[in-house]
Structure formats: C-alpha cells, structure tokens
Amino acid sequence: MTDAATIQETRQRRWAYALLAPSAFWYLALLILPLIVVMVYSVGERAPTGGYQAAFTFDNYLNLGARWTAFKNTLTLAPAGTLICLLAGYPLAYFLAVKASPKTRLLLLILVIVPFWTSFLIRTYAWMFILGGRGLPQLLDFIGIEGVRFINTPFSVLVGIVYAYLPLMVFPIFVSLEKLDKRLLEASEDLGASPFATFRQVTLPLSAPGVITGCMLVFILLMGEYLIPQMLGGGKVFFIGNALVDLFLQSLNWPFGSACAMALVVIMVVTVTLYLKATRATGGRDVSLV
Amino acid sequence: MSDPRKEFIAQLRRYQMGSISRRHFLGATGLGTAMAVMAGAVPGLRPRAGFAAGEIGDKVSLTSWPNYHDPANLEKFTEMTGAAVELTVFGSNEEMYAKLQAGGTGWDVFVPTNYTIQNYVDADLIDPLDTAQIPNFDPASYSDPRMSEPGTIGGKIYALHKDWGTTGFVQNTKELPDKLTSWKEFWDIAKDKASGRVMVHDYQLTTIGNALKYFGYSFNSNDEKELAEAEKLLIEVKPHLFAISSDYQPGMRNGDAWMSVAWTGDGKQLHNDIPEIIYVLGKEGGEIWSDFYAIPKAAPNKKGAYALINFLLDPDVNTAELMVHGYPVADKRVIAKLPPEIANDPIMYPAAELLSPLEFGASDVLTNPLRAEIMARFKSA
Amino acid sequence: MAATAPDQTDQGSYDVEFRSVVKHFGDVKAVDDVSFALKRGSFHSFLGPSGCGKTTSLRLIAGFEQPDAGAIEIAGQSVVGVPAYRRPVNMVFQHYALFPHMDVAANVGYGLRQRKPRPSESEVAARVAEALELVRLPQLASRRVWELSGGQQQRVALARALINRPTVLLLDEPLAALDRKLRREMQIELQNLQREVGITFVLVTHDQEEALSMSDTIGIMKDGKVVQFGTPEELYDAPVNRYVADFVGESNFFPGSVASTDREGATLVTASGLTLRAPYSRLGTRLSPGDRGSIAVRPEAIGLWRPTRVPAGLDVTRPARLLNRIYLGDHSEFQIEAEGLGPVLVRLPKSDEAQELEPGDQVVMGWNHERALALGEG
Amino acid sequence: MLRGYAIFVYLFLYAPIALIVLFSFNSGNNASDLQGFAVTWYIKAAGNTLMLGALKNSVIIATASAILATFMGTMAALALQNLRGPLRVLFDGLTYVAIMVPGIVIGIATLIALVTTFDVTNALIADLWPGEAPPKLGLGYGSIIAAHTLFAMALVIVIVRARIAGMDRALIEASADLYADPLATFRQVTLPQLAPGIIAGFLLSFTFSFDDFVIAFFVAGSQQTLPIYVFSSIRRGVTPEINAIGTAVMLFSLTALITAQVLLRRGKRPAQ
C-alpha cells in the first residue's frame, strides 16, 4: 500500500470512530450496562423487604417454571397474533400494491397508517368499550344471539393485537409487493401459470422479505406486550410483560424479575435469529429489520 | 447517605398498582346537585385576607392526588396571599415517597397516606409540624381520633388529617337482588350466582386482605398458614372472576361485572349514577385509610406551606374541598356544615359498627414477599 | 429440438392475424385499426419509434392486453378474451423478467410445471437440459439468475420461452440491453434458432438494422398504425412514403411542392426554386400537382467530384462545399453543403477518387433521376 | 372480493376511531353512554392544566429523543459505511439487540441501571460537594429521553443504512469529479439522497416516543407523559375528556403527516 493510501485509510477510520462515538456511548450506557445489571441481578436474591441483595445463585432461573402460564400465553398468543396479522394484512397489502389504482393508493396507504398515529392507549380503550357488555355483546343480544362474552378473554386480546399491529404488518409487505417487477407476473402468466399459480409461485416468494420483516416487527412487539393483555385481558390473560411489571412493581422481587427478563431476551434472540436463518434460505435475501 | 437498596425499592414501589383508583373523586358526577345547593347555602366561604401580598412569596407547591382539590379554593388562596399554587399530582404513595427521597423536588406541601408517614419519619424526610402556625388545626375537632392518629409519631405531630375512606365492595342489586353484608357472602356468591361477573383489585393489599376476611383473619395478616388458606380461596375463585383489575368502574357501569372490590369514592360515584349499584362494607371488616398534609424537610417555602395548610383546613374551605373530592372528612366542624344527605350518607359516613372492625393497612404487609408471590400465583393460575 | 416446430396440419397458413384491432389507453390510441397477418414459420419484426404501438401490438398477441375492437387470431383460433396463460405464445421480455428467487433450471422449467397434468420432474429436467443445450448454456442450470451476464440472461429467457414449444415466440426488444458485439452475435443466433425450430418469431424493436438483418417481414409502425408491411427489400427499395424511407436506411430528403406528375413519377420545385424530378416508389403513394412531397436520394446514390472533373450525363448537379469527412473503413461519409439543397450526406466507397478531398474544398455533387424517389409526406 | 375485504379492514381500523370521535362530542359525562352533542369536553380538556402539562412533557421528550436519535443514528450509519471488521460486526449486533429487546425489558433494565448509577454518583457528588445541599441526580426528562433514544437510534441506523446501501456510489464519485470536496459532496449529494430515510427515521422516532407507555412508565420521574396521564385516567374511569384529547392528538398527527407529505413531495425532484 502506498503512503497516500495509508493516510487516506487512517483518516477515514478516524472519521468513522468520531461519528460512531455518541451512538457507541449510548449503546454502552443504555443497552450493555443495563443488560449486565439485569444479568447480575438475575443471579441475586430478593432482599427481605423487597428489591435486590447480592448473591450468586441460579435459583431464580430454576424457579422460572413458576411463571409458566405467562411464558405459555406469550409463546402461544404472540405467534398466533403474528400469524393472524399476516393472514389479515397480506390481502390488504396486496390490494393496495397491485389492485388499487395509483391515484387512490397513497390515500389508502395513509389511511392504514393514520390509526398508528392515534394514541395506542385510547385505541385500545375503544376496544374495551366495543368488546365490553355495552358494545358488541349488546348488539348481538339485540339480534337474538345472547350471552356472548368477549372482553377479558384470549379472543379479545387477539383482537386488540391485530388491531394494534396490522399496520405494521401491512406496510413492509406493501413495500415489497410494490417493488415487485410487474413483468415477472406477466412472464409467469405468459408461461402458462394461472393467476393463482402466479401468486403462489412468484408473488408470494418475492414478497417474502416484506412478510419476514412484518412478522418480525409484530412478533418482537408482541413478546414484550403489556398494555393489551392488561386492558383487554382483564388481568386474566397474563403475558410475560405483565408478569414482569408485577414482579418489579408489586412483589418487588427484582432478581426473579431479572431472570424472567433475561429468559425473555434469550427466547427472543434465539427465535428471531433462527427464524431469520430459516427464511434467508428460502428467498428472503435482503431482509432488513425495518 | 441513604441506604441504596431502600431507595431502589422506593423507586419501584411507586408504581404499585391500585393506589391510583383510590384517588377517585366524585367530581361533577357524584355530588353535582348537592354541590349546586351548597354553593349557594354556605355564606362567607371566602376567608378574610390574612397576608399582605408577597409576604409568603409568589408560589407554593402542592403535591397531591388527581382531582383531590377544588380549583376555586386554590384560586382564592392566590387572591388572598398573592402566592400561586403549583399543583402536581401523583399516582401512588410509593412514587411520592421515591420522589421526595430522590430530592430536589421543590415541594412545599404534600399529601401522604397513613401507612407511609412512618417511612417519611424514618428516612428523616419530614419535620414535626409547628401547629402554632396552623390556627385552623384543632385536635378536639376530630370525630374519630383513629383518622388523625397516624399523623402523630413518637408524640410529635408530623402530618394533619385531610380526609379518609374505606375499602368495601360494590354490588349490582338488579342482577344480584339479595343485599350482601359480608366478605364471606361476597366470595361465596362469586363462585356461584355471580360466576364470571366479579372483579377484584390487581393489588395484593386489598385482594388478599379481603380474602383473609372470609376466614375472619386480620386484613393485615402475614401468617403463613392464614395466607395459604386465603390463596386457596383465591385460586378457587379465579375461574369465576370477570377480571383482576383495579379499573372496575367501566365493567360495573356497562353491566359486564356485577360485583367488585371497591373504594369509597368509586362506590359513591357508581351509586350516584346507577342507583342499583350499592356500596357494601363487609361486616367482618376490611381496610380503612386516611390521607394527610405534611411539609417536607427540604421545602423551599415553609412559610407558604403553613399558610396553605392552614387555609385548606379552614372549615369552610375544607367543606368546599369535600364537595369536590367526595371523600369523608373527620373534622366535626366540616361535618356540621354538610347538608344532611351527605352527612348521613351511608357510603361516606358509614355506621360506627361497620367502621370499628376496619383496619389501617400496615406498611410491612405491603412489602411482604410471600403476599406478593401469592398474588402472582393467583394471577397466573 | 426439431420437435418444437408447430404442427403443420393446422388450418390456414398464418400464425397471427389482426383484423381492425383497436386499443386505447385513456385518450391515447395505442393501436389504431391495425390489420396484418403473420405467415407461419417466419421471422417478423415490428419497427418504429417508442410510442408507435409496436409493444402494445405484441402485448395484444401475448394476451396482457385485450383489444377494444377488432379480431385477433392465433393459429386460426380467435383469442379475444383468452388470458395470457391460456395462449400458445411465449415472450422474451425486454429485461428478460427472470424470476430472481429461482435458479436457471427452475426458471426454464417454470412453464412446463404449469401444465396440467404436470409432467414428471425427470421429464422437466430432461426438457430443461435440452432447452439449455439449444441456447448453449448447459453448464449453468443451478446458477442463480443474478449471477449471469446479460447475454447469458438473454439465453435463459429464450430457453424459458422456447421450452414450451409455443406457436409464436414474442421478443420485446430482447437485445436492447446487450453491447454491440454481443447484439450482433445474438442476432445471428436468433435467426439461426428461428430456422432451426421453425416457430413464428415476432420481434419488436426500434433498431432498424436489427429488424432488417433478421426479419422475413417487417411492419413499420407510426402513431398506432402500420404504415408499411413487407420484406426488408421492399421497405428499402420501395418505401410507401417519406416516413418509411427515413426509418429504413438513410436518405437525403429534398422537400418541395409538386409541379407536375406523370405515370412514372413527379417533378417538384424546392423552396430554393430548384426543379427536381424522380420516379415514384414502386409501392408508394401517387402524387398530384400542388401536393407537398420530397425527393429522396440515398447517400450512396450521390456522387462527389472536384469542379473540374464532373462527368457528363448527370440529371442533377449542384456546386457544394465539403464540410466534414468521416472515415468508416471500407467507405467514407461526406457532409456537404450544397447550393439550394442545404446539408447533404454522401457515402462513397474507398476506391472513389473523392476520398482525397479535404474539408473546405469546393466540390460538385450530383445524381441521376432514376436513383431518386418521389415520395409523399407521411 | 379483494376490494370487499379491503373495505372490511378499513371498517375494522376506523370503527374504534369513529367511536372515540363520536364520544368526544358526548354531552353526558359517562364515556359509554351517548347523551347528546357538545364540545364541552374539548373546552374542559383545553383547560386541564395537568393534561396540558403531560402533553407538553410528551412533546419535549419526543422531540428531544427524535432529534438525538436522528443525529446519532445518521452519524453511526455513515460511519458504518466505511467500516469493516469486528467493530462493525459488534455494532450491527448491538443494533440488532437494541431493536429486539422488548420495551418492557429496556424500561426495567434502564431503571435499575440508572438508579444504581445515580446512587454511586450521588454519593460521590455528596462527598466532593463543598456546600450544604449537594445536587442529586434523579429520574426525569433525561432518563426518559435517554431510554427512548436508544430504541429510536437503532431504528434510524437501520433505516439510513438501507438508504445508503441503495444509493448510487457513482453520484459521490461524480460530485468529487466535479470538484466538490468531501464536505460539499456530503452536503449537496449524500445528505439530500439520504434525506427521505433521515426524515422517516425522525418521524418514526417521534411517533414511537410520543406514544410509548411502557418505557416511560418505568423510567419517568415526576414528569407525566401523555400516555401515562391517559393510562391513569382510564384507570380512574374515563370521561369523554380522554376521547377529546385522543381526537385532538389524532387531528394533530394527521395534520403533521399531511404537511410532511406535502413538504416531501414539493422537495422531490421530478426525475425521482
């Protein structure tokens, strides 16, 4: 390497370090350090009056079974919610990207995003009313279907989930469908594939990056969900997030709470990484998290 | 240097569920009509000016609960003294405690609940009050000394009584016509006729406490055997519950829930709007609580603080306050000014035999790890 | 691959027939009352500038568009209303439209896998190998398409279309993305391939050289209409109007108004007052006195001399000044400014003595009437 | 069929919002009983100093964390473009984790880490402080902004990096060829090219922070944010005032969204 090349390289590196410094500090102070503290706490003990006292024990991890219900609910309802969002969101994204006229497309797309800009809490509150006794059940009662109960059931939690996260699913799928080269669809049709066969063999595989991104966004958010089970599950549909809030704010059992939090993070990282690995092989080449 | 662990706990505890709902007020809903009558009936509500403008500075900060004061009163205070009242509200005692502990709050007056006052004294965060600066304070005026006692620690008065309340349950008599009178009936009917229609607080102090009452144990019991029995009852009832939540008003209002553990203010509010919903104090007992005015050691404007407390304890001002927040006050001078329909309101001023078995929450019960774990097991059952 | 030749027992000898086909997009008439018939087993091209309707015509054959009016037949069968996936035609797309999520073999086998009943995988594999052999890419079956060069992608697209043994193969500017040398190779290859498989090829291009060198017949299109349809020779030698002459090969045009006509040709007077005469194009429109018209002279039909060496017997001679000379190997092009005619392009072989001329020289240019054409505007 | 389905989804998306808007004009004071039309709740909301304070806090926090996240995230994305090797792998890994760790864990972890840190530093300050009352670090604006910035910054890094990856490097070379120094190239070519990504990152960060409840729930000091205020209001039995606030916030967001859209379109060159 010539001197000039070395100098240029060094200068570039210095610039890069300088540009990285603030974000590196942030990651260190607000991500690495907190996660280390949580890790340290997770092997500690609950102080007699609540909180943490230093110790080295794996009891908290061995005791994770005591929150089995929370883990089970989260690990069933989060994937189920993701899947429902996908099944409900894909046709809409397809409609927007392929079928809607270019004139109305932007408007329709904005309409999908707008609810996302309304307070999450207030939207979920609206569902408390709709699914509660004065809402849908009364309506059903009126037309002769009696005794239907929605609120505080896994069903109402799923409705809340789909409502809250549908836009997050639709958007990335829309983007990948819109980027899709329409000539590929014509090529497929030209080669004798019926519209459905074209959808299955071309459209679907090529929208995989959007599907994967959407699923991951929704899944990640659902795994840490607290408000929806709290508000629409009436404290009866218990997620890990709810267990964590209880452990930290009511039981004051921080070591156990930390162990649960660590377990949640590990489950997340492992499942998402595996999922990405698995999908990368099947055409999801250029998947990004956003 | 304070104990880091304690501070740590305090930081977290402030979020404890449930204390928020207690802070319900009746507002326009609860006592709308009575208030309108009162406003005209009470003469000279406006106390004379006792301070020259600027004498106590231009602002006094008051840290309290949501919807717990009459804005008109605070404006009057400003008119009289020239000091604006800067009102901040909190969600729970734990949060209030943690804030004060962290320091630099700039609070002049704040409103702690009975079981936390000991903690403030232990942590050396509040000073005994100089009652000479509060002429409106009259120890003889308390209708029930139990309400004011928690403010006095080691013979010194640290805090003065503001108002009080109880924890009972609400019952929709349209759906459940038989009027209940005890916690035993509450839990029994929850498993039976009211299955799927009952709510309990997402708050271990009251939920476990009232389950203990089923067996006649103390609301504040920390006894392992007694707690085990309470847990068994709770787990049995769990499948029959509509919800475990401290937000019971919406469920009661829209008819999804027929019964719920409830605090005075909510009971009053629900009853006013929907007369068939009644508020019941279990005859076995339950919780009673009381709120206080106190001045932090680090208050920047102590003179203003005393002036504000004195103003708020003025019987006329205090009566107007009550009309807004809707919780009972133990000051006889205030009770005397109340219209009979309020003074004799069985929800706000229950019969003495119902009050006597009630217990004040104990601070060690709040931090009991076993109780916390029982609550968690109950919720995830 | 001889087996891919279409069944010759089909009735009729045309593979594609348009009768008064009309296609609008909004207010734009993309295809305006077009009729033609493409002979079975030959190589046809549609040539024209972008927006002339050639691609729309192709898409009407493929079935991506349906006509607003008129009839379209493929192999004697009406296909109006038949979707693309039920038509016995296949297309090589402009940028190939290879499926990025499939390897080469999967791309090529795609069409076969859509058949009902679906052929066995071993049969598909065999046919894919055969097709790749045909386009001389047998070793690339398992490659991803984005790993291929432009020429390779082109061949894969061809194989993917041909494997289905279509009645008609449609090519939408298939060579536009290739460099010049590769394009020339592929032109020859396509032509050979067409002869080998015997399928009707329909090519759309805006490159006249490509169309001329490959096609049996060419349709020149303008504004949604077919201006002239014929063999390359017909188009070159007997353009129907100035538009075609301009599009096929190069010509100098000297416009003017028609002064007189007879059976053989017309006499025009240019704006500068020159009188020029030329015979009609064999297929061209006949002119009437007063019409606007042009005299078209190919660059190679014009001669260039020093003023002292002008041969006798020329019908037209004009003094001119040589502006520029472009050396092109076996011939050269000369840009001259001729009195009364303006800029003129002249092409002379290497052997011509005019090769010695230098820019700035005064020269004389000239031609004979029979080497020019009198054309109508259009 | 697809159109019908789309209509159904839009109904599903907008029925609750319509309900919120409807009840915000309810003249009665119960959020679940429609009694008549009135704007009283808007007037009431406009005079609710606590709510306005919470709104102000939310705006301050969301603006601050969105600005911080956009700046630091864009800087990091630009740096990573020129970086190879273990540092980049580490940074990418951290970004990945920052996006993946659930908000509730971020909230909890930040809280206990901050409180522990404050404890140490406050003791240190107290020892070194010459005067009577040493200043104390505590939870507040700073802690919420810091925690929100973490997630938002990771988001910006991902978005801007995607934008950089899609950018034609020839443009930068062209700019250098036309005598622009690196700074000028950055200002005139790179930045305008990245602008849509940066703006999107800023808007997303702002939205995320403005609407976040669970992180703020843990790391807030005395400052209430709007979601915390709304959460405690819902717990206290909702009046249509909350609906009025929700409607107002939605209108505000909608205006902002449309304005941003118009500005972006106007700024766009016709070629692109």
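Note that the chains take the letters A, B, C and D in the order they are written out, and that residue 1 is the start of every chain.
Quick note on the criterion: contacts are C-beta pairs under 8 Å (C-beta built on N, C-alpha and C of every residue); 3 or more make two chains touch, one makes a residue touch a chain.
Just so it is clear, the structure is predicted and the values come from calculations on it, not from any experiment.
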Chain whose mean Cα position lies farthest from subunit C: B
Highest C-beta pair count, chain pair: A-D
Subunit A and subunit D, separation of their C-alpha mean positions in angstrom: 17
Approximate Å spacing (C-alpha centroids) for the pair subunit B, subunit D: 36
Centroid distance [mean C-alpha coordinates] between subunit C and subunit B, Å: 91
Separation of mean Cα positions, subunit B and subunit A [Å, integer]: 39
For subunit B, residues that touch 2 or more chains besides their own: 8, 12, 15, 250, 253-254
Where subunit A touches two or more other chains, by residue: 52, 129, 132, 134, 245, 248, 254
Shared-contact residues (touching 2 or more other chains) in subunit D: 31-32, 112, 116, 218, 234, 238
List of subunit B residues in touch with subunit A within their complex: 5-6, 8-9, 12-13, 15-17, 196, 199, 202-204, 241-245, 250-251, 253-256, 367, 369, 372-373, 375-377, 379-381
Subunit A-facing residues of subunit C, complex: 62-64, 83-86, 89-91, 93-95, 97-101, 110-111, 114-115, 160-161, 164
Parts of subunit A lying in touch with subunit B, wherever the complex brings them together: 46-53, 66-70, 128-129, 132-135, 149, 151-152, 230, 234-236, 238, 242-243, 245-254
In the complex, subunit D residues that touch subunit A: 2-3, 5-6, 9-10, 12-17, 19-20, 31-32, 71-73, 75-76, 78-80, 82-83, 87, 91, 94, 96-106, 108-110, 112-113, 116-117, 146-147, 149-150, 153, 155, 157-159, 162, 207, 211, 213-214, 218, 226-227, 230-231, 234, 238, 242-243, 245-246, 249-250, 253-254, 257-258, 261
Subunit A - residues contacting subunit C, complex: 181, 183-184, 186-195, 197-198, 201-202, 205-206, 208, 283
